[in-house]
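After this come two complexes, each holding chain A, first together with chain B and then together with chain C.
For the complex of A and B:
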């Protein structure tokens, strides 16, 4: 779901301003795993991809904190990354190994992971930091006598996959970002910039009793809300501690002497990580309270696609994986088509199953909700005379179809597509009358639909976009595009 | 009088393109065409030569509407010349449904073979027309029945800059030689997903096909530039070329004085200041070909009702003042004729803005329903006598890459034959000064479209400042 139109967002924000958070959807549109792997990374300001601390865990109670006292020193950073890699691989390898057959496309059954993993990051900046970390792990500097750490390579390869999914696939549940996931379902009375701070967003969505949402958000803004500690905390506590550590190691202090200095750095960052970690779990609980749309439940089509993508990448990593610095044309095409297919599917499922999402979509003609006013058979002259089903639907308020669009009837069966032939606002503009004609043979339609499609019954349509599943990728680039790779 | 020397030069270039592609068999050709240069005419000339030479040719167009236009134009051309040659058209399923009334008569046309299945396409005529999506699908279909295993000597791509490289990746191998015809300054291929990761890269799956081909095979491409625009006159070309085509120089065939727009009724003096502004901008547009109406400075929602109302008022007042257009072609207009409502178009950046303007114009009365209102994406390729443009940066707090996109403004500002009026709010130049382009590009990007767009917007506002009202 690409979210609300500006008009809808403005209306909901206005309402939220006076009350508290307003739901933007009637149901949940993301899969929430029972025990996802929550990763809270903290970076160093001005250092791209440097990890100062990393908290990870599967339940609220067990948070493991890894700290690197000086992320700018590669040998110290690798120690953290190695610890991180082993924990990450433990979670993912188990899932990748446990497979069962599933139908990944019509007529195509394959062995895929039985359960898709889920990584939760607090904010988009955290997801981007994980992507940068993945690059560093995958493109490790390899010295003579010190080959690339294979575990770090593989863990980096996994993070690469999750990062790409997050970047390209809309409403991805493999890498869930706590702020974005909540913003998909709720409209808080704070701006999107303020909502990038996870603690502030959580406070705005569930203010303590006696406090307004905006006041509650303001009250926590001074704490760390994303990947960087606040400048004030930095200057006062963190930087001096790191400086002390650096000075001591420059002077050749022993491990024993450095340990308390490292512990001081850990004490400096622990509260921030713990707060963000707890906030991630709060966000997950808030989302779990929403009823999920069927495709997002375990056996749904979307989760099978996720499991398939996950399995594909596991197999890729098992072979000799190469991570190019720029996408080849074939890879780019593969990524684009995957993302576009996923997006079309996500939008359609959101509108199909969630009446609120459909109501928002109908403001731009991407969906239609109304009452049936007439049902009739009609004959149309194409190459020969054919029978079609015609519906007259009345919807409140103005409505305009998407130019050239066709609409799919929301029903238990899929695939009943209609074209809009006539749109006429009623005098006074209180409602609009729309005539839709089926694009398929009436015989099939009448066999399945008659019970519900009666004058006076409620009816809903979503914009129909043809899917092109499973087009093969060409083996090579054609002659006019072949050449030295960039 | 039209610039006949320029027309002759343009015809000469077209002739050389046809010769190079069909007769000489040059492997990689690229034709860059400014707006209104007659690209489709060139495609038809190439097709005609290919039919005459019995050369297996794969003709690619981007949309069903373009396919129908090309096929009908070609069919008429052949029929009026009494030509016996036949060419094929392979419509997609959606086209057969949406354009059934246009396609059915073609099925019995003596010069056209409408293919209904892959088998018919495989054994069909030498020259075959279909949309890019269809070629890509059948070149890579998994189902054996749908796989088109047919190779062609020549591939012709019309509107090549609107086709993603990904499509060419799929069907490119089917053509031994390639001719790409397109306009490099207009909107790039449209995707709904986030493509920041590939922005500005030389060759990527989402880049326009000619750019990727140039990146990979630059030295082997023989390039041609069409030198003339038949749609825009000199006053329009002066602005459009300077802003959007720094690497492509072209001139207008219609010289100063060839195109006129006269408002038979004068502006009425005793109306309010807003109405006086509208009359003034119409007068300016009629005399200079450009007008810029600036409403009071404000930050507003995207589908600002005030701007929509102003646009509707401009349309209303324009038609009220009994406008007449005169130009050399077609002959009926040589002595002037009334401007028809269906020759007026309003261009917007967003669908919701289109809806607002449509409501406002429909409320004016049934005679205004013929006025076209559409977004830049959908109005691309069409032309009108007079256009009114809802400037993409109107009412904004910032200037994002989408709104700065040079192609969008170029499309909106190059649809007109006589006059173009932009409607916006005061403060755009300040907005651009305050929002310098971010400079964010992925590693290895060679292009910075955001910066190019920013420059183009600035230049256009500078050039139109002299036409701004108030």
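For the complex of A and C:
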């Protein structure tokens, strides 16, 4: 979803309304693999977690379609999930096994996956359906004398990981949702509710020549755009086909006799899956055209974090895993800590590397873009007299800092932190002059910065936000965090 | 004098009567849309109104699979004298063992007729169901031995502002031997504990809230008619705790939800607190203009029925894509209208709120681009100043990134 402020989103929507889709970012903020695994699941209305069809493949041309002729029948559904598991494992196991030594923490080296995988789902509803499928596979029904299918268990464990990470980690690229990924980068001239339909969103982002974006979106919205076929299609095509299959199987028809009836169901769902599969690739191509920000490039922070997380989960699955139906309070707390920390990092990276994100943030004082008007050394009286670097920056229009906020200078490496000391509008109010004073690494700042920052050069700052301070659990943790009870 | 059913039928004209009054009323409480509310009050099916105004409803509708599963689940619960439902109430809510009496009004006073359906017959069946429900309620609230513990499809009457509507909850459940009637709703969606779809649960609760208002009214009426020995106690019992409830000081209104256990046709019986939803529905239904008379006053003179394009279109709407597209079959028409009028509501509630000072997208865009003057209005001036500053910053950033500004070509 768009990372814009409500004001900026409204402004860009007004612009898009009169023209066509407009960019919401100047760069790409998500990692896109060269050949990700695109999965298009179709469910059955009213049957949560039941899969009617699964389209999957890694390039535009190699779509493989798996269809369950009657998702409400356990054995037929299990057969589909087993087929799906083997294909999913084929993709993931190879990546999990292909490792190289890497430093995962200071002084600690271990073998980690060389490449992070990527699964692409068309819509958030599809991602949720995959999570339901994961639960179904992990807690598969086990009949007496028949053990759980180990492949299905492992595949479920993988899907579980992708689903949970997608839910918890800001801008996660291991499971990419085509609609959300596009809405992060573009503002279409249709509402967010309508943009939950992938075909409508794609049409609005790239309407055919001669058609307006809104008209193009309208033209496709009666087609299947997420995980459910339309009620009209169900009534007219799908239900009669499934009924015919059920009738024949009730009458004890042979496999050979059932095959054409199953094929009829496949014919009924194939166009929808194919359209969504192609739409996912269109979305990926559109996103690939954008220049990625460094953290999502190969070797970037987020790419490395994804490789590490993937490796950790592969190791977890290799150790006869158990899946809890609910998180413990302790695990919940750590997940919240990770999620909040990552949110802060992602926001900082977006503002740091993307001028458009910075421009929007500067309206609320969360960033500052301008020109250097003066660079000088100054002395301030703290406990003793100390030297500081002082910058005077001019930014167009009004600007107000966040109360008590400190700002990080956007520099090639880690930034230098500055505090705002003065803000005053220029006569006429066309721009604002801001005086900032360095607060840390003063010696470095004095030595390095004056060479790069000359009067008239462009400069940018982002709000310096401390990451989540950490839980800092005491040694004698309280009982509810599974610490000592006495 | 409130509008009665014949008067409401006359107002509906050619529009079909609603298939589920409680759902319509509950949905109505969620939106300030007057068009939707007028139709709900007169009991018209919104689908038929959508057909009249030629609205496309691509996002709306129910799949036959969803309808099928709903019917199958209800059949499974009520089979063998409600065996599965009673088992669920016993095992999950701690209902006492034997002697649970069940009354199924669908079987006792059916709406299905062998011949052609006649309005007179339907009205008669509805009356008989209401009377039977009244007598059962009296039995339950008086703690009589012959009082049923489960009533399927009781018929209650709800006063919606100045009209009267009948509603039929799925269940009326009473604690055997203790009375304490509670309303119940059967939903075929799967209970996934904390992962159960919250919006589904919210819709169910709001529907139950509508039923509760009707139940409360029925108990009040029975007390006034002198059929209940202690009316105040009977009313209080609607909000009292059930045996086995955890004690709470908060006033609550409990209702029973029956969901489906994953991959089976067995029930998961739960208790939901619908107090907040009752208040929400009450507030929604009394929003101004509240009464049907007031709504009709806003229509063109001489309007006698609501079944024409002119009349339906004359009813003011309040388009909100996130809600309307999923809940209203007329949403397509409202969306087109919003688009044509450059209404910021076309993009949603948040955009409408942000651009409220400008009024429409055209003005907002022009003020941001500096092609229109905000005039003397201080609110508009402040808005224009802010939007202009944001516009300039965004354009400068776009140019710096090699992207076209607001006046350049667009993404393709």
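Simple rule for what comes next: the second predicted complex is superposed on the first by the 454 of 486 C-alpha atoms of A that agree within 3 Å, B and C clash if a C-alpha of one lies under 4 Å from a C-alpha of the other, contacts with A are read in each partner's own complex, and residues count from 1 in each chain.
The criterion applied here is as follows: a residue touches a chain if its C-beta (ideal position, glycine included) is under 8 Å from a C-beta of that chain, and two chains touch if they have at least 3 such contacts.
Everything quoted here is computed from the prediction, not taken from an experiment.
When the shared chain is aligned, chain C comes close enough to touch A:15, but chain B does not.
Of the two partner chains placed around the shared chain by superposition, chain B is the only one that A:168 touches, whereas chain C remains out of contact.
Of the two partner chains, chain C is the only one that A:74 touches; chain B does not reach it.
Once the two complexes are laid over each other on the shared chain, residue contacts for A:230 go to chain C alone; chain B is not touched.
Applying the stated contact rule after C-alpha superposition, one finds that A:404 touches chain B and leaves chain C untouched. In the superposition on chain A, A:324 makes contact with neither chain B nor chain C. After superposition on the shared chain, chain A has more residues touched by C, the comparison being chain B against chain C. Touch criterion met: A:48 reaches chain C, while chain B stays clear of it. Of the two partner chains, chain B is the only one touched by A:333; chain C is not.
Residues 6-7, 10, 325-326, 398 of chain A lie in contact with chain B in one complex and with chain C in the other. Of all residues in chain C, those touching chain A in their complex are 58-59, 61-70, 188-190, 192-194, 197, 262-263, 321-322, 325-326, 339, 342, 344, 346-348, 350-351, 353-355, 361-362, 364-365, 368, 385-394, 396-398, 400-403, 406, 410-412. Residues 28, 94, 97-98, 100, 104, 107, 136-137, 139-142, 164-166, 168-173, 178, 191-195, 197-198, 201-206, 212-213, 215-217, 301-303, 351-352, 355, 358-359, 374, 378, 443-444 of chain B touch chain A in their complex. The residues of chain A lying in touch with chain B in their complex are 2, 5-7, 10, 167-168, 170, 325-327, 329-330, 332-333, 335-337, 339-340, 343, 364, 382-383, 398, 400, 403-404, 419, 439, 466, 468, 470-474, 476-484, 486.
Chain A makes touch with chain C in their complex at residues 6-15, 17-23, 26-27, 44-49, 74, 141, 186, 191-194, 205-206, 214, 221-222, 228-232, 234-235, 238-239, 325-326, 354-356, 358-360, 362-363, 369, 396-398.
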